[in-house]
Amino acid sequence: MERSRALPYLLIAPATIFLIALFVIPLVQTVVLAFVDDGAWSLTNFRKMVGDLNFGLSLRNTFLLVLVVVPLQVACALLMGVMLQKLDKGRDLVLWIWTIPLGVSDLAAGLVWLAIFQDRGYLNTLLAAFGVIDGPTNWLSYESPGSMFLAVALAEIWRATAIVLVILVAGLQLIPKEYGEAAEIFGASPWTRFRKITLPLLKPSIQSALILRTVLAFEVFAVVYALSGRNFPVLVGEAYAWQHVNQNNGVAAAYAILVMAISLAATLAYIRALRVNPETQP
Amino acid sequence: MSVGLRRVVLWSGVVTLCLWVLVPIYLIALGAFGGRAGVFRWPKSLLPWDATLASMQTFLAVEGVGRAAVNGALVAALTMLLSLALGAPAGYALARYAFRGANLFRLLVILTRAFPLAILALPLTVTFIRVGLYDTPLGVALVHTALALPFAALVSASLFMGIPRELEEAAWVFGCSRLQAFRKVVLPLALPGLAAAAIFAFVISWNEVFAASVLTVRNKTLTAYLLTVLAESPLHYRFAGGFLLILPSIVFIFAVRKYLFAMWGVSNK
Amino acid sequence: MAGIRIDGVEKKFGQATALARIDLDIPDGEFLALLGPSGCGKTTLLRIIAGLETATAGQVFIGDRNVTELQPRQRGIAMVFQNYAVFPHMTVFENVAFGLRMRGAEDAEVKAQVARAAELLHITPYLDRYPAKLSGGQRQRVAVARALAVRPSVLLMDEPLSNLDALLRLEMRTELKAVLAQSGATTIYVTHDQTEAMGLADRIAVMHKGVIEQIDRPQALYERPATRFVGGFLGSPPMNFLDLPVRAGVVELDGFRAAAPGTDRIIAGVRAEDVEIADSGLPFDVRVAEPLGAMLLLSGAVAGQTMRVAARPDMLISAGQRLYLRPDPARIVWIDPATERAVRAAA
């Protein structure tokens, strides 16, 4: 019986040691890397980061993307989830198709939308057919930030709505049918039922979907890179550039710290704003 | 609204959303198989006029592509093994024992999920150069394991929780040691779910691009390789590469679709 | 060879006490039934004997061995779980064969024992099926067969027949008794069904709130319950309890008089069938009359207290009628109202 008390600790030990080595220690190192210059604590790296021409742009772009993309994804996934509930046949097939992007990398998603948005791409073909444009037009240069933003946002929505969908569908399955049926008997319209029953009960799932999605959205990088190179700067893309092009670990780490701080703040904000009272859940 | 009309609206919505997912994939496939001619054709056609296997073959023959694909698969396989080997025992402990520190461990695991983890590859370059892991598949796999481990641990915890404790106890009573009971009773029942978790770890690694590019120079995974050569490759190569990246994911998602919901820590129980 | 001795076993789940100091001595080959209301700790006791749960205090012996610290597999027992625990990924055959295979039995031996156990529990037609394709009762029989197949010297059964229809249960009961008597296994058998316990067991232990209230042969238990709880729990209808005043060693009520122990008040435990319906005696107003086949069960009041009486089924009695009762003084169980334990009648 003595052995069985030690057993759980033996079982989690490898994973714990691993996470300390590859998560906790690098985390501390990143902080050190960002805050140390020439062997002394300093904010030089952050000053360099803020002073860079692309900093303001990348900050703005990243936030804009998160603010536009994440809410759209949640709304879209909710709609899809409710639709799935209404399907009686073909549900599995539809669910499979809708979740295919789950396995698509952001780089691949960027390339997919490049095929659509490039000069001689399908979008331009369509626009030309309707007479909107005369011939091949470049939508992805830094002279057209609006259309570039649109392309990146569409690619992100296309790729990452599936994660939200999966989390929400799992949550929807947990809600007993009887609640909705009870409300229906008392005369609630479908829209009222959705607002008064489904949505409140789905809050925990929405919360975890928002956290996961937002954290990942602040990491957006390869989609953008595939579509436009550095024409549309984003935070993690800048970190990559400082590391690879400028060979400056310190500033790259400063970007990393910034992204982490923003992610953490967003997570906490969601937890506060969507506080779930356990007593109101079934 | 009448019932019939409602069905029409519902199904047209469903079909539209299916097309929204599938059409872009079809278009990049056209790009991948269309070669130079296809990319420059104007206006574009929605039918595969230019598609030939030849253009895909030329891409595969390009120097470095084959090696990167092999590397990517190797890294992903290593990630799969490592994350399961580390995550499944932890998941078992979380599912079966109430022990002091269980919540702390759970917090650690969830925390890794809430961090933009790939960014931690930056300081790891220094460490990896020192210990000789830089530019090796194992080094990349280690970072990817940190990404996949939380999923492996949480998914296997929910799987093991779904297997009644009494089954294991019955095995003990009838003469099994703990290990035997695990092998004969728990493992066979958890295997499909564990396989799904493993495949998922594979996909996470196969798709990860930031850490994989930062930590390698010559031994790039396919995703990282494509990222580096992106700027100087012709468009039809990029499309061929993108299509090659997507292909496994379609198969993978099909293989794990039954377990999709256990994946995100919200199991359907 | 393999009796079971339980020495001061105690089990707490956090603050809650599930078992409070259990002492139990079961000689080799005995069939002991464990009877008690839901949640009284029967399963917990069984699990401690099996080694699936660690006792907070106390020790367990099987045969001459102190097994308190041993793993379940080292205890040489077989068990039928309350919720069956039939392995879903094995066929019925493999389930029943599981224990034998773990003991390294030869193939021929495995086949023979599985066939025997399957025959006994009428599951031979399902041997190739997977448990998911069986009904609850069939699955339960697989669990029993799995335990019997290993010919255990100690057998723990947690409500093994609870999910069978009345007829099948009766048949299984008879066969179990024959098989176990022949094999000489020491058996602890948990059940809610008193008839089952009475019919099967050499002795019955009645548990209540984590305590063994009484342990005795079935008939003795029925006739001389040691506590009010046992009297009320055993027998259908349950024993009647009349709270009566005692004066000078005698209780006296209307037309009834008997010598009784105690000084102030006493509870008289009277079985429904130990009452004679006569022309004079205790006045009894019938409120409900239920014809139950073997008897006519009358419920009513005596001196303002509820009382049930078994009358012959052919008697013509209806609600609202007044009868006179004459309880058999020799069969009354006197219970001290303070301790709720039975006291000896004054000689």
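Residue numbering begins at 1 within each chain, and the chains themselves are lettered A, B and C in the order written.
Assume a residue touches a chain if its C-beta (ideal position, glycine included) is under 8 Å from a C-beta of that chain, and two chains touch if they have at least 3 such contacts.
Treat the numbers as computed from the prediction; the structure is a model and nothing was measured.
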item	value
Overall pattern in which the protein chains touch one another (line/ring/star/complete/other)	line
Closest chain to global C-alpha mean, per-chain Cα centroids	B
Whole-Å separation of chain centres (CA-atom averages), subunit A against subunit C	61
Inter-chain centre distance, subunit B versus subunit C - centres from mean C-alpha coordinates, in Å	56
Geometric centre distance via CA averages, subunit B-subunit A, whole Å	16
Junction residues of subunit C, two or more chains touched	none
Touching residues (chain side subunit C, partner subunit B) in the complex	50-52, 71-73, 77-79, 81, 83, 85, 87-89, 98-99, 102-103, 146, 150
Residue numbers on subunit B that touch subunit A, as the complex places them	10, 13-14, 17-18, 20-22, 24-25, 27-28, 30-31, 39-44, 46, 85-87, 89-90, 92-94, 96-97, 99, 101-102, 105, 108-109, 112-127, 142-143, 145-146, 149, 153, 178, 203, 206-210, 213-214, 223, 226-227, 230-231, 235, 238-239, 241-242, 245-246, 248-250, 252-254, 257, 260-261, 263-268
Subunit B-facing residues of subunit A, complex	5, 7-9, 11-12, 14-16, 18-19, 22-23, 26-27, 29-30, 32-33, 79-80, 83, 86-87, 92, 94-108, 110-116, 118, 120-122, 124-125, 128-129, 135-136, 158, 163, 166-167, 169-171, 173-174, 204-205, 208, 211-212, 215-216, 218-219, 221-222, 225-226, 229, 236, 239-240, 243-244, 249, 252-253, 256, 259-260, 263-264, 267
Partner subunit C, residues of subunit B touching it in the complex	164, 166-167, 169-177, 180, 185, 188-189
